[in-house]
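In structure tokens below, several structures.
Same chain, two partners: chain A is paired with chain B first, then with chain C.
This part shows the complex of A and B:
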């Protein structure tokens, strides 16, 4: 599932860019058990970074309290139409994924 | 005369007390509803069903099954390969199969005829496992292509009328240890369970609110549920026998709901608590 791309939308309005990211991830807490009683191993995003062109605009630490398929929205000052916004995450298994979109 | 006066006084008092009571209840209800509306607004922007729909679109175009074919030639009622607006017009009567079919049973037909996949693979699978997971993804993709359109069920074929009557019967039929029918929860206006409104499915507006917003992504479980899944879970909550996947009763209920909702907006995939 981790290979599914993120859906990123970014729009600039009055000098502020609003970014909306929909992430495909299981976000398994490690607290749940399956039908046979065995613990489902933890599998969740630990770090997420967002960049505007090459400048980091957001870094965050994710944890097990965040839902499956998380939705993240944030704003930063600046950004112009056509600029690149990229988002990348790393999970506790060491898997990573990076996607990008252009500001509309 | 004296007695009459007393009665009038009493009635006034009761009316006043009743008035006060209902005002307080109304205020509570209004703030609850505002809080629920705000919560919905917060989650509305990022419907994860979009992720499932993306997988579904891939699957639609992927060659699978013994015949190694894609579903791109599947006829959902508007001609081979036409997806846009198809689910807004389902269930419908199909001449080639001679049956009234909902989206999922129609997809089973396509999977069988085009790809050679035995419908049993879907019917016997568990929810969101195996071929039913594939089905859910396909459904997510297809219903997204009808988002914003209007529910348009063709009730002219006599087979549809028959299914409607059967569905109506099933809707009011009480069964199980609790003696519940669909109407027990969905036969009165202004009801809800936790954060979810329970639409009065007997009315056009209620049925449109229900039928028009399913299939949906459920935030609480992180799962995308098809209409078959939704209906099956209603039966489970009714504590009665769960219907076979794609069986006539599920299609009949779908026809009853969709026909009642006719003309209402399609807001699929929905987003639920």
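This part shows the complex of A and C:
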């Protein structure tokens, strides 16, 4: 799953950039059991960082309560059309992924 | 020592929060900064979670808005939005009282990032959902009960 890119949309309106991120991740809680009754181990994103160019605009820590294929929307002041917004995450297995998009 | 700790609290960043936890011996120094706030995410009750976040007794505030459905038909995907008009918000946390792990997520907002965040969470059952924000070093919260007709934790 971790190989699927995030979908990132960033749009600037009246000086405020709204960023929407859709991440492809199982977000397994470690509470569920499979058909044979064995517990499915937890597998979820723990840390997420969003940057505008090289400036951090959001850092976040997730728990297992975040839905599968997490969605996140946030806003920051500034940002111009064509600027880079990048999002990276790390999960509890140590996998990471980073994607970027240009502000529309 | 005590004065220093007060200052660290006032400075208000997530890193400062972690260093307070480190100072309190909850997280060993060295890994604290790189590591996820395990104590907070593994806390099973509202009180323990707030304590692990360093947020003792947040005040109820009308200036924190929690946007969520009254009834969630599918507990696996419940849209939650937190917004606030309070000044200098540095941290936002979403908590679901009756989930196995109360804390859903924390967000650290640097200056310039607006306290307006939306995400989607899982809910095992009908529960109160709390939005906690840190404004000028003080904690405020609001809550809303969301009824779940079908749980999201399956199995």
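Here is the rule we go by: the second predicted complex is superposed on the first by the 104 of 104 C-alpha atoms of A that agree within 3 Å, B and C clash if a C-alpha of one lies under 4 Å from a C-alpha of the other, contacts with A are read in each partner's own complex, and residues count from 1 in each chain.
Basically, a contact is a pair of C-beta atoms (placed from the backbone, for glycine too) under 8 Å apart; a residue touches a chain by one contact, two chains touch by 3 or more.
Remember, predicted model here, so these are calculated numbers, not experimental data.
Peer 1: Who does A:4 touch here: chain B (first), chain C (second), both, or neither?
Peer 2: Touch partner of A:4: chain B, not chain C.
Peer 1: Does the superposition put A:78 against chain B (first), chain C (second), both, or neither?
Peer 2: A:78 sits against chain C, while chain B stays out of touch.
Peer 1: Looking only at contacts as defined up top, I'd like to know whether chain B or chain C touches more of chain A.
Peer 2: C
Peer 1: Once the structures are superposed on A, label A:67 by its partner contacts, choosing first (chain B), second (chain C), both or neither.
Peer 2: In the superposed model, A:67 contacts both chain B and chain C.
Peer 1: Using the superposition on chain A described above, determine whether A:29 touches chain B (first), chain C (second), both, or neither.
Peer 2: After superposing on A, A:29 lies in contact with chain C but is clear of chain B.
Peer 1: Can you list the residues of chain A that touch chain B in one structure and chain C in the other?
Peer 2: On chain A, the overlap between the chain B and chain C contacts is residues 27, 67-68, 71, 73.
Peer 1: Once bound in the complex, which stretches of chain A touch chain C?
Peer 2: Result: residues 16, 27, 29, 31-34, 40, 46-47, 55-68, 70-78, 92 of chain A touch chain C.
Peer 1: Which stretch or stretches of chain A touch chain B in the complex?
Peer 2: 4-5, 7, 20-22, 24, 27, 67-69, 71, 73
Peer 1: Mind listing the chain C positions that touch chain A in their complex?
Peer 2: Touch residues, chain C against chain A: 14, 36-37, 41, 76-79, 94, 96, 99-101, 103-110, 112-114, 116-123, 152-155.
Peer 1: In their shared complex, at which residues does chain B touch chain A?
Peer 2: Chain B reaches chain A through residues 43, 45-48, 50-51, 54-55, 219, 222.
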